[in-house]
């Protein structure tokens, strides 16, 4: 125990004395929240909407009113034919269009699915899918109103359900520049359970990025700092002294990682508080559960850090290793910035082994949906299995010898 | 000994309130092998850096190869060669590429570079490994190559910063023969070293103590002057007048 | 019984590098034993094997009667190891470094004070100073203190004086002498040949092989050729001229003189001296002086390495051709 206490005290000295790194570690989460919150906002406001309504009726007027009152959309043009949309999209006058077909009210009145088309400029795919979701939410709101009014089968239905392939609905897709083939994504309205919108009713992107940011910060602190501080001892030669001592590998590892575990928790709490105070991000679920899941994720990251440091002997190489093995996947493939659903299939498969992906799912679930282990047990189990496996592998790879 | 290769008067360098080099004056003659000795932190590296134009002096004058280190640092750099203790070679380049690189830096023409490369590689016996990366060569070979590369532009003066640390005794001697060869060709050599016995290879030495010159002269003269048997002893005498640990203060049994 | 027994130890790195190539020796209790050799000779690899940080590919080694492979746990409790003079935590103070290493072995500075006092006394005035701000000599003493703090039964110091100035080196060897008198077995390695005489026995190590193991005096006495020191004002030219002498065995610069050995191993040194004087005078070195000389450990090292690789005897080349010296460049890199 004296040995472990000594190790911990020494490690705390290292951390406290490396002022520059400590400042970065503590300031990073705080700065990141502000950065993501203000600078890299993905919310959309003032969407330039065009409407094609060849034969206005009750239903189309009602929907148009809903769009107008949603607060996000600004109707820039109402044109009679879908073909008139081309110039609007090409000049950028419109970002999104609603194409009604004649007889929507009549269809709905007969209890048949009504048809409409939402066209979105997807030049910028993330914004595009966001706009799409907004529009769908408006339609869905109308639908629910109808249902509430006692017309169960009613509602504008997706054209795909009625048979003809989606593409046929378009006379020719308004091109949005050569960079994006297929350009503006046409899509028939469906009763899509837009999860992100339903559980993120304020539509604030800060709600979405905070869980991802936690994953990112924890990765930096746990993986990177562990790997660097372990390889630093190899560089100074002190690792030899530790190995030659009666210390067991687990003691060396615990002494190394425990302080970073604490810093990791501090950062998580700091991010949560800041997100709450500045961006009013909710924490709908249980805080202890979130911290527990955070702990699991920290274990996974620490193990990865140990694993990387076991195979490298210089801080520089360790840094590169961590960057490639943990930071990049956790940022790019976790759904933190880019939605997993919009990734190509191979990357989506790869994302299954990225621990950040599961943690982001869990954290979003707890924070935004307020759900507990009864819903998140599967993700938790995956994370726990990863932690256990990596912990075993990393302590094994941490050798008591130099060869 | 026609003219001075290096002429230093009252050279001083301060870092904040710390005076690393404190009014040193000395002269190095052309073709001389001049040893620069001192404990870690005695100021020898600082002094050398001022002479090769990497540090601006805080005071005093210094002329290297006839050029003023303040106003003609470009000319100084052109007329000197420098080999640092960490090898001035690129380890991921081959010997041939290294020579060509430095030849190019110092403005040699391609035919000159080709001619000198061939001569140098044969001379060092490195022809067989001319196209292997430097990092794969043994330490001793690298040091000899680094020395030759420092001489590729035929400088008047070559500065060597602890060139022989860690090499085996035979390689060390081969290295000194290269130094002698260069000196006999008229090149002035200024060398710093940790090995006190190595000081005796030099024509003259200068021992720095706390930023000042503690002793300067030919090794044999210095030994006579201070009445010591070796430069090592002289060094100890200058650096720490009283020997540190009175052995009686130590206990009988430690284990 | 020997404190250290090493038999035919072999350690390879990769397929091409043999860092240790059949090393055997023993160290007696209380001995101050030195490994003398340049960088890349295999010293560090050997020390790491002895403290159980590496496993040998062949051969056996036991320290304090404990096998370095099988009984490494027990061994690690009882060994003091110092990996160079700078293997300290630079951001921790003198006292914190020492306190930490004490805690690692489950002890405290206070409990061990009597053992480390003599060395620690010199460090105590600086105890709040960070290790990074210490001079080389102070770092070295602190590292020694840290290796001693758990009262080891044997001390293994790998290049403790490397890169440290001559004065500090001297003081350090004085300390080792004192430790020796207290009965502690100590194994040291060093690239500095002049430190050999401070040891009871030394092993000359070069490219993974031991060239000789014995008391320094015995090793130099075994030098089997007449050795002469030649002094001339034009040193380099005299050196070249001597290489042209018909009986020259080896000629190399050594400090302010030239060391000359003759191929006629049995000829009296005086007679060779006279011959050389005449030879030099005839070649225009009227000022040259020649006198017989007692060989140093370094002379012996040079002779033994030359023998083991049959080189340097080539009078034609001023610099022995490296291509014949070192058959395989890779064989020297990578180790220690």
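A few comments on the model shown:
Just so it is clear, A, B and C label the chains in written order, and each chain counts residues from 1 on its own.
The criterion applied here is as follows: a residue touches a chain if its C-beta (ideal position, glycine included) is under 8 Å from a C-beta of that chain, and two chains touch if they have at least 3 such contacts.
This one's a predicted model, so the numbers in the text were calculated from it and none came from an experiment.
Taking each chain's centre as the mean of its CA atoms, A is the chain most distant from subunit C. Ranked by the number of C-beta pairs in contact, the top chain pair here is B-C. Annotation: 59 Å between the Cα-based centres of subunit A and subunit B.
One finds 24 Å separating the Cα centroids of subunit B and subunit C.
Listed in rising order, the residues of subunit C touching subunit A in the complex are 48, 51-55, 72-73, 76-77, 79, 81-84, 86-92, 96, 99-108, 146-147. For subunit A in complex with subunit C, the touching residues are 2-3, 5-7, 9-10, 13-14, 17-18, 236-238, 240-247, 400-403. Touching subunit B in their complex are the following residues of subunit C: 37-41, 114-115, 117-118, 121-122, 135-136, 148, 151-153, 162-168, 170-171, 174-175, 177-179, 181-184, 191-194, 206, 235-237, 239, 252-256, 298, 301-302, 305-306, 312, 318-323, 325-326, 329-330, 332-333. In the complex of the two chains, the subunit B residues touching subunit C come out as 38-41, 124-126, 128-129, 132, 135-141, 144, 165-171, 173-174, 176-178, 180-181, 183-184, 194-198, 200-201, 219-220, 232, 235-236, 239-240, 243-245, 247, 249-255.
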